[in-house]
Each structure stands twice: as structure tokens, then as C-alpha cells.
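Working notes, beginning with the structure itself.
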Amino acid sequence: AQRPPLVLAAASMQEALEDAAGAYAARGKARPVLSFAASSALARQIVAGAPADLFVSADEAWMDAVEARRLLAPGSRATLAGNRLVVIAPRATRLGALRRARDIVAALGDGRLAMADPASVPAGRYGRAALQRLGAWPALADRIAAAENVRAALALVERGAAPLGIVYATDAQASRRVRVVGRFPPASHPPIRYPVARIAASRNPEAEGFRCFLLSPAGRAILRRHGFAVP
Amino acid sequence: MSFDISLAKRRCDRLIAAHVTAGDGVTVLFGPSGIGKTSVLDMVAGLLAPDEGHVRVHGVTLFDSTTRTSVPPERRRAGYVFQDARLFPHRRVEANLRYGERLAAPAERWIDFDAVVTLLDIGQLLRRWPATLSGGEARRVAIGRALLAAPRFLLLDEPLSFLDAARRDEIARTIEDIRDRLRLPILMVTHDAAEAERLATRIVRMG
Amino acid sequence: MLSGEEWAIVRLSLLVGGVAVAAVLPLAFALAWLLARRRFPGRVLLDALIHLPLVVPPVVTGWLLLLAFAPDGPIGAMLDRWLGVSVLFRWTGAAIAAAVMALPLMVRAIRLSIEGVDRRLVDAARTLGASRMRAFATVTLPLAIPGVLAGTVLGFARALGEFGATITFVSNVPGETRTLPIAIYSALQTPGGEAAVLRLAAISVALSLVALVVSEALARRMGRSAHVL
Amino acid sequence: MLSGEEWAIVRLSLLVGGVAVAAVLPLAFALAWLLARRRFPGRVLLDALIHLPLVVPPVVTGWLLLLAFAPDGPIGAMLDRWLGVSVLFRWTGAAIAAAVMALPLMVRAIRLSIEGVDRRLVDAARTLGASRMRAFATVTLPLAIPGVLAGTVLGFARALGEFGATITFVSNVPGETRTLPIAIYSALQTPGGEAAVLRLAAISVALSLVALVVSEALARRMGRSAHVL
Amino acid sequence: MSFDISLAKRRCDRLIAAHVTAGDGVTVLFGPSGIGKTSVLDMVAGLLAPDEGHVRVHGVTLFDSTTRTSVPPERRRAGYVFQDARLFPHRRVEANLRYGERLAAPAERWIDFDAVVTLLDIGQLLRRWPATLSGGEARRVAIGRALLAAPRFLLLDEPLSFLDAARRDEIARTIEDIRDRLRLPILMVTHDAAEAERLATRIVRMG
């Protein structure tokens, strides 16, 4: 029997893709095997020649890095989902809604702003771009608590270690311990997109099937249910 | 009464029992190998807990099973020359010799460092590490270390083994001197009849 | 050779690793001694507890530290109330994470050495007038030096390499918690950051090489663990 | 008690950790012996090399492993040509990562024990007719057992907790490379996954507790490291 | 010629030199503590490398600095009773005794296990761990272990120390027996004049 396809996917897509794989299997197909890790680690595995079939990246940059080495099946790259950036605070916060970026500076007090590492992690880079565009970055640059990933930033806010954090809307929606106190206008940062592509070396016929399912209305409905924006 | 010892202790398959009541002088423990001589010294020194009995030295009770007294070894003030040398491997010979000396009150000391070094002829060994000593050299350093700790009584477990006749004689003379001049009670194990003959005020036979 | 920023990172790493190891060494020694020489109920449990940071992924350890030291966590609340300090996002927090991760390695090595110390030497020290404590300090401890050194080297190396618990606990704040591994991680996250990664990793390796050479030299000077007749 | 999936993860973790430690033990022993008993040029360098996985963040180690074992990497190409196998995304790769991370801990512990073995006993064995090898096997090795046990426990615990190098090297493939720590990571990435995290962490801790109890029992049976007169 | 030994070795501050040419029988090395007796035995056994000289036993060259010959210790077939007991702490007494026996070719053995156990009176110790032995017990086991390895010559470093008179006599008689009946060359260190008198075919004085 054919082995099911191996999908390397950004950790932030975990729940949505598990659901999608289940739905796909419910149609009588082999359930794809899903491996979740940081996009950087997955991209490096693909670049090293590891035998994977699909790649779902948390940002375009890592997909670009793989594509630049001609490791993607031509024409298979597509945008799977999008996301939005929000500002969160612990549920019990007394803060009202933040309307301007400068409100963040005021609301922070002497605490730190938790976000994924703005130098490297995708969510952090989007957040920095937004803060820069809105003119608040200079005041915040040395007030950042740069976490390993969005989930870790979320945990810092959940635990009250940081009074405010910047995370994806999907993460904020899933946590009962935090509240969204502000939203970044989509135009304030490069579009947040999760690209999907097939690996050129993949010989698994089911890989394309699963990719198409993810991009189909049924697949997109699942992603939307998990809070992702879909085109 | 310098020693008033009555002890019983079970070790493996053997029951060790000793009864010593002795006045001044050297008490030699005599007995076949494995009968329990070293065990008795260990119990007097406080390193081994007797099952029952008592140990009194110079009228001071160091151990009594009925009153549950047991003076810790460091306050018994025994000058114990072990059957094995037991030098501290991480200290040079000089530091080994000084170990007990430093812990003793100056007023209690009855022999000084230079006298010990001369007596035991270990002057050229002072900078050495114990691992580089010959058997007899290690033995002499161990004797010196015990004497320098200003003990109030001596426990000597075959102290003259590994030593040549001349040095044996020298050290035996020192023991006689300690016995006669300082009147320190001495409990000593030896298998050498001539040695026992020469030094013993009394001989206690075990087994 | 090194840029100013790299120097700052190296200094911070040495500070965090050095303080972590120095601070946790007495505790490690005490625990090692307990495990080596004492039999008490719950001994294996204590042993397991010490091994915990080794078994559980660092990220979880970091997360548990965060729970404990958060403003409303049990230790964090106490620190705040009594000392008015917080270790969050501070180098002190990074040192705590490093210390926790280094502890099991240090305890094992020291314990192994203590178990190898001949008790008859301790006995000898006692008859010479040394109290239990003094015999410990002058005989057991110096004879366990090889283990202390090995434990310190292991612990320091581990502290220098500590990443997961640190970033989860005190995140990545330049000048406070951005130690070498965290800087490396940042570089690794960026496409094309490989050169920076290798450069920073080389610095780590150089540091640990220096630490090893020093420890070997110390071991040679102190490690007179030869046996007596 | 445990769900089927959890059982599978536990089994996989034990397989990976067990194979890693068993496979690397002889190498660790050989290296420990070299470092303890031989003086040769490059000794400190070898020592540093062994400590490397401790100092460098696991993610970097994983990345270097990936480069080495990639189809066109130096080791990967050889494996492919001669054995026709690849360890990428396979449990064997996870075992390799765990072994590399456990190695420094094992070497240090074993080395410490070997350094404590009295060479005069080896001399005695030689005069009784034992060749150098035989004396090693019948005297040095059994007397170093406490270190071997300590090293094995440390190494196994480390292997059970290994995360960063594994996920970077062989990703997070259910049934192949999703060991306990990686499952924990996955749970941490899931909103509301804290309960699962704690549950999986508790399983890890229970496993290591069992390993410790076994090792203590073994140590008690084998560890007759008392000294001769 | 059973022993033809000419050795020089610098150790710390001391120069050790020994010249022994001996026919059959027991050669006793006699000399003050630290003069180098143990070092000579170690060099004959192959455990210590001489600076120069040669060692021949029974006409076989075991060491020669001019031809750079050095037979490894395990092929020298020395039955070495060390000054310290050096029992293997991880093996019970019986396993210690059997260690060398198992390595010796059956045809080469000249004493059997039971005979050794009876001779040394260690039957009740066979299941014991070395750490639980008294000084004399450990010494007897060490003697037994050396004899059972089917050695072609004996190196005895104060073998009778820590033993009581009765056991000394017993073992001395065995040494006489080995000397007279088996005609094994024996090189022995002792500080006891009576012992030397009794056993020595010749005495070599060092120092």
C-alpha cells in the first residue's frame, strides 16, 4: 500500500490542519501524516533533502527560501490562509480598547510588550512592521519581551508576566485567559499569509489530493472555523 | 583504672567479646587473626558501635549501652594508629602530620612536631604525597600523626609492622617512654611475642 | 574580531552561566551528599525531582518557572512582597533557568565522587579530633573535588547552552536575557542566517574550550586522588 | 489510564531512549577511558568536542545533524550508498539525536569513575596472568560500574527529555519521531493544551522515576565499591 | 641460576639499586624501610620499569635495558604477594582466589583450591566481601590468590605480617615446602630476623 503523504506544517496551524486531515480521511482517503514545528526547522529539513510531500509555512519568507532552491513543484504554491494581528491583555485587565498604537505605550506602564521575536519569528516581524508603520516602534523597541513563538508570547500575557502582547487573532481567540484590546489595521503590515506548496521531489500521488482539499471550499471552511482568514 | 572495657559485638558470623580492666601501662591485646582485636580498638575509639557493654578510660565513660552514652570519636582523644596507614591522600606528609596537631589545644600537646619528625626519621618525606611512600614510611607518618594530636590514650594496631629492626627498637623505646614518663594508657595489638614481652605491662588474650 | 554587540552577548552569557553555577553549587553539593551518604524516606523521590529538568523538555521547565515566578505565582509573589524584585525578563531569571537545568548534572557528578570517598579516612579524621562537619570539610570535600570540578564543567557547559527554558521563562531581551544560544536561535529563525549561527556557535565552543582547559588545569593541580597504602 | 496514542508515544520514547543509550554506551565508555587514562595530543580538543552538544543550543546540534545525514551530506550519502537507508523522519534519526545529546553526560560520569579506579588493582590482575584487555574487563570495568550506571541514568533521562535537536533534525512525525517531549511541544502549541502538557509531562516523570528506581536497585546489587585493606 | 637481577631506578630523591644472583631456594631482601625492596619486587614483576639493568629468572630474560626487552607482567608468571593485600573489592573471597587460577593452564597448576583453603584456614571466608575481612584474613587470601595462579616464582613482600604466630609458622612451613619440593625460586622481603633465619637460603642486604 502507498504510504500516506507527509505534511510539514507550521506549528501555529496545528489544530486546523489536524481537523482538515480528519475530514480528508473521512472521505475515504489515507490520513496524511502531519509534522508540526517551527517553519524555519521545516524549511531547513526540506532544503536538506528530507523526503516530505507538502509544506505549509507560517510566512512567505521561508517558502521563498525553499522555492529559491527550486525545491517546490512548479505551480503548486498557493495561499492557504491569512491571519490578523491583535493586541491582547490578561482577561482581568482594566484597560479599555486601544485605538491608537501610542495607547500601547501608555498602557504598558513599566511592563513589557510580549511578542514573538521581532527579529526573526514571522509573527514578530509582522508586529514590528505594524508598530513601525504606526510610529510606535521607537518608543517600544527596548520594551519588547521577545518570545520563541507566538504561543510563548501568549503564555507571558496569560501569566501576567507581561501586561500586553501582540499575537495572531487565532491565538487570541483560542485562549480564555486573555482579551483582545486592540486590532492592527491589515494595511499596517505586510499581508499575513500561510502559503502551501508541494515539494518537487514528492512522488506521493495523494499529496496533490490533500493540497487541493485544503484549498477547496470544504478545506477553507475548516480553516475559517479556526479563526483564519481565507481568501 | 586506665582502661575499663567490657564489650560485645556481633560481626558477620563472629561474636566479638572483650573484657579489659587495666591499671597504668601498656595493655597488649593478643589473639589469632580475625578474632576481633581491631574491632575492639574501633569500639574504644568510637568508630564502631558495640552491641552492648561499656568503655571507660581514665575513669571517663566514653560508651555505656545501659545509659546510652556515646562520646563522639573526636572528643574521645584517642591516638589511634590504624592497622592500615589511612593517610589523607590529598595532603602532603607534613599536612597529614599537622592535621591533628592543629586541632589540639596547645596546652594539651605533649610532643612537638620536630621531635616527632626526628624520632620517626621522616624529615626528608615532609613534602611528599602519601601515594609515593613505601609501606614503612607510611606507617611512620601514621604514628607521627597520631602522637601529634595530643591524645590522652593510645590505640596501636600492630604499629611496628613494616618496620626494620632498628626503627622498631627506636619506636618501642618511645612507647616505653610514653608509658613510663607520660603515663598514658596504651592499648596495643601485636603478633610479635618479643614485642609484647618487651612492652606489655599486661597481656589480654582474646579467643 | 567580535562586534560590540557580540561582546555584550558573550559577557552576558558568562555572567549568567557563572552566577548560575556558582549559586547552585552549594545546593548541588548538599543534595549530592544527602543522596550519597544518607538513607531517608523519599530519597528516590528527591533523586527523581532533581532529574526532572533533564527529563522534561526545557520548554516545559521554562513554563513551570514562569508559573512559579509570575507576579501571581507562589515564588514571584513572595519575591515581590519581601524584596520588591522580579526576575522576569531579567538576567537573574536567565541565571535561575540555567541553574535549574545545570543542577541534575552537577548533583550526579558530585555524588559519584562522594560515593567514592573512603569513609575510613573520615574515621581517621574523627579520631584526630575533627568534628563531623570538619571532617567533611577537610576530607570528604577535597577528596570529592574531581566530581565537583566535573560537575561544574558540565553545569557551566549546560548553562552556556541553555535555551528552551530561558526563552520560555524570561524571553529574549537584549542585554538582559539574550545569551548566546538565544542569539543563535534568533539567527537560525531568519532565512540566510546560517553564517551568523555558525559564528555565534563558534564563540560558544571557544568559551567552553577555555572553560575545559581551565578545569583540566585545576584538576591537575587539585586532583591528588591517589590512594594510600 | 493511558490512551492508545499516549501508549504509542511512551513506547516510542522508550525505544528511542533505550536504543540511543544502549548504542552509545560502548562509545561513551571508550571515550571516557581514553580521557581518563591516556595522555595524547588533542586530548583537550576531543574533550571539548564531546562537550559540544551541551554547549551549543540543541537546535544547532539538530541542524548540524541534518546537514550530516542529509541525502547529500557526508554521513547520509554513505548510509544511502552502503545500506540504502535514510534516518530522516525516522525513529532511528531520533535515536541518533538523543544519543548525541546524551553522550557528554555519559562520558563525564564514566570518566569520573574510571579515574577513581585504583591502578594497583589492575597491576595485581596483571601479575595474576590477566592481559591488559582482560584486566580492563575484569577489574577496571566492574569497578567503574557506579559511573556507568550514573552515566546511563543521566543519558537515558536526557534522551527521554531531548527535544530541540530531535525536532530540528527529524521533525515531528507521529509514530516515528514524535517522542514525549515533542508531543508535549505539540500540546503546548495547541490552545488550551496545558492539561495535555501536564499529563504528558507527568508520564515523562513517571518513566524517569522507574528508570531511577531500577538503577538504584542495580547500583545496590552491583556497587560493591568498598575499599580493600 | 634462579634469579639474576641487576637493576637501577631513580625514585623521587632516592636511587634504588639491587644486584641479586641466586641459585635455588629463598632469597631474602633485607634492608631498612624505604630503601627500595618493594620497588625491586615491582620491577621483577614487571609493574615498574627500571631505568637500566636486567631481570632473568630461571634463565629466562624478563627484562633487559640493553636489548629493550620487557615481558609484560601477565607473561612473567610471578606469584606476587603485595605488601598491601590488593584484593579485588568487587569479587568475593572465592572469586578473588579463583581469579588467577582460572587464567592458568591446568597442567601448570601445582596446588589446588581446597589445599590452599585448608592451608590458610579461610574456608569460612569464601562468601565474604574483601571489605569485611580483618587485616590478617585479607593477607591470607592474598597469599592464596598468588599461589593459585600457578606461578613459576614467588615474590613475597612481608607475607607474614598481620599474622599470629601459629599461622606464621604454618605458612612458613608451606614456603619451605615450596622451596624444597617444588624448587620454585622465591624472592622475599621481611624485617623479621627469625623469619629470615628460618627461610632464607641467602640474604641480600640493601642499603
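Should a chain be cited, it is by its letter among A, B, C, D and E, assigned in written order, with residues numbered from 1 in that chain.
In this section, contacts are C-beta pairs under 8 Å (C-beta built on N, C-alpha and C of every residue); 3 or more make two chains touch, one makes a residue touch a chain.
According to UniProt, the chain labels map to these proteins: B, E = ATP-binding cassette domain-containing protein; C, D = Molybdenum transport system permease.
It should be emphasised that the depicted structure is a prediction, and the values quoted were computed from it without experimental measurement.
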- Task: Chains touching chain A and chain E alike, please list them.
- Result: D
- In terms of CA centroids, furthest away from chain B sits chain A
- Per the contact rule at the top, check every chain pair and give me the one with the most C-beta pairs in contact. C-D
- Query: Where centres are the averaged C-alpha coordinates, which chain has the largest centre distance to chain C?
  - Reply: E
- Query: When the C-alpha atoms of chain C and chain E are each averaged to a single point, how far apart are the two points in Å?
  - Reply: 50
- Task: Measure off the straight-line distance from the CA centroid of chain B to the CA centroid of chain E, and report it in whole Å.
- Result: 29
- Using the average of all C-alpha atoms in each chain as its centre, how far is it in Å between chain A and chain C? 35
- Can you list the residues of chain E that touch 2 or more other chains? 83-84, 133, 135
- Task: Any chance you could list the residues of chain D touching two or more other chains?
- Result: 59, 63, 120, 185, 188, 225, 227, 229
- Item | Pairwise chain contacts, counting only pairs that touch as defined | A-C, A-D, B-C, B-E, C-D, D-E
- Of all residues in chain C, those that touch chain D in their complex: 44-45, 47-48, 51-52, 54-60, 63, 104-105, 108-109, 111-113, 115-116, 118, 120, 146-147, 150, 153-154, 157-158, 160-161, 163-164, 181, 184-185, 188, 197, 201, 204-205, 207-209, 212-213, 216, 223, 225, 227
- What does chain C use to touch chain B in their complex? 120-121, 123-132, 134-135, 138-139, 142-143, 145, 224-229
- Note: in the complex, chain B contacts chain C through residues 45-47, 72-74, 76-80, 82, 84-90, 99-100, 103-104, 129-131, 133, 135, 138, 145-146, 149
- Item | chain B residues touching chain E - in the complex, by the definition given at the top | 11-13, 31-34, 37-38, 83-84, 124, 128, 132-137, 139-140, 157-158, 161-168, 191, 193
- Query: So in the complex, which bits of chain A are touching chain C?
  - Reply: 38, 40, 43, 61-62, 64-65, 112, 114, 117, 119-121, 142, 144-148, 152-153, 155-156, 159-161
